[in-house]
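Across the two complexes that follow, chain A remains constant while its partner is chain B and subsequently chain C.
Right, the complex of A and B next:
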């Protein structure tokens, strides 16, 4: 049964790849709660669509996003990005300029049209007490727990309709979690292209290499979605993998 | 009878002083012995029941466990690999299968 669905998925993807090369890729941003999924979605939208538009709000309370939100029609245009960088570099903080090498002329021509789906955080246990620790009332915390649980199920349902996954992990946390391992195993089985983004590298305790060591079979791009550090490396990888 | 598990001293009955630990050695663990019973260390080890390890994650059929209102446990493996959702209520082995949702999905296809 799963074999058939998987084969169907691969054929559908091949078919799309051959006939609709320029079709929009649906990219899901997945990961555990508080990894920075919404911050990353906002960062991508600010860079390539509308700098005043937010897909959702980010807070320190886990499970802030409890419904999957889709933003359609984003054009990742590395040429535009190169121009933006040229404009910004003069007033940028020189200490953060240790980003990746500028795009090669061939890369700068890369464009990728995509829909972004910001999904609720995947977790194996959701307990309302955790939300009460952030000052939420019991009724509100219980409601949040219920919605977060529905959110996990919704996020998983969306996988049926996704062409590529940006899997976000918090580089300050241990990557060897059940959630990370289960989701990666399942994405591999489904044949969905994955890029792992090791987020929060702006924090001193971040150890993105630990994530790279944990999942050596995948491309791991260290980023800071909040500060926008190393985002070009991620965009480059996205245009390469999600075409 | 209560036996201190640190020094082995036997007390006929519980005293208030024992609530803070064994009056002789300060040990905080006591074993209750039936009258006339004497246990050696080896027998004591035999008496200890080790809980069987819980079911391995893969063997669990439920995708969602509701432990109490507002406390949920999700089996991501089951959620990712199966379309149907099976819920388990608390730990007593009651399961809920949302049939209406399953039939709806079949109808769509």
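Right, the complex of A and C next:
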């Protein structure tokens, strides 16, 4: 009995490995509005694909991204990244030289091919008055609110096609919000691997530990998507979790 | 002084409804301006569906919902996560000011 089940298990796995091998993992960048999702997507693309290419614009006005955008075929290559770092660090950017420890040879070999999906920020309310406070005209604010509601639905629908999630939170804000809890609950229920990135650690008010305390069962990597701080730790975690 | 209605719904009543009935029931209550409190609460999946449904109804007079709940807890045999309590209200009426695993503090003000 056991032998048969085991053999079946092996065959099933081989079969799956040969036929349904995922060429690329689709990684969704999720989180509340303004967490820095587009900034992170741009940072990843600049590092591993094209330093002049942007997936979208990032602004301080919430719901800037109102359509999910996919950038296909990004190769996360830790070795290349390490070499780049060695080249840059010495004179241009002294702060990162005290960053994460160098990769072990095994880790440095790690590569991960993925598609990045930058999604609109998730929210339970969207009030056009909030956009007017940023100086938008009323008609423009209402249009933006309408598009933002569609964006939220689009982000939720994308979850069905996503293989892994980078969940971004602004480390200067309280992480224990219902939106964050609902996203995490849904990812857990669907068995989608998730890495939480505690963003904006370049700001003095950032408290990434608060995020780790709120979600103790998950991996939390503190980063600055804007400044590029601690990105190596995030890439290393991605190659581990998203393959 | 204007008044705000609060509906406290028992787990039995909620469990007798299908998922869509639950969402419709909650959102209809909230759109009337009520605070809806569900004993036993909504699952994360149901909450996500509620957010989706809410998005299709947001407009100039309805800015969306505020939702707050205790996170689900593992049951005795780790079989299923058990949801607890969920509070839902109109976003322009209810505001969560403090929240942790076992305590929710909100401010409700008439518009």
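Everything that follows uses one rule, which is that the second predicted complex is superposed on the first by the 215 of 243 C-alpha atoms of A that agree within 3 Å, B and C clash if a C-alpha of one lies under 4 Å from a C-alpha of the other, contacts with A are read in each partner's own complex, and residues count from 1 in each chain.
Just so we're on the same page, contacts are C-beta pairs under 8 Å (C-beta built on N, C-alpha and C of every residue); 3 or more make two chains touch, one makes a residue touch a chain.
All values derive from a computational prediction rather than experimental measurement.
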| After the chain A overlay, clash or fit between chain B and chain C? | clash
| query | Touch check for A:141: first (chain B), second (chain C), both, or neither? | reply | first
| task | Kindly classify A:206 by the partners it touches after superposition: chain B alone (first), chain C alone (second), both, or neither? | result | neither
| said: Contacts for A:123 in the overlay, against chain B (first) and chain C (second): which applies, first, second, both or neither? | reply: both
| With the two structures laid over each other on chain A, which partner does A:176 touch: chain B (first), chain C (second), both, or neither? | second
| request: Answer with first, second, both or neither: which of chain B and chain C does A:186 touch in the superposed model? | output: both
| request: With chain C in view, single out which of the stretches 5-13, 23-31, 41-49 or 59-67 of chain B clashes with it after superposition. | output: 59-67
| Touching chain B and also chain C: which chain A residues? | 122-128, 142, 145, 149, 152-153, 156, 178, 182, 186
| note | Given the complex, residues on chain C that touch chain A span 43-45, 47-48, 51-52, 54-56, 58, 60, 63-69, 71-72, 91-92, 96, 99-100
| task | Name, in rising order, each residue of chain B that touches chain A in their complex. | result | 57, 64, 69-77, 79-81, 85
| request: Would you tell me which residues of chain A are touching chain C in their complex? | output: 122-128, 142, 145, 149-150, 152-153, 156, 176-178, 181-182, 184-186, 188-189
| note | Per the touch rule, the chain A residues reaching chain B in their complex are 2, 122-129, 138, 141-142, 145-146, 149, 152-153, 156, 159, 178-179, 182-183, 186
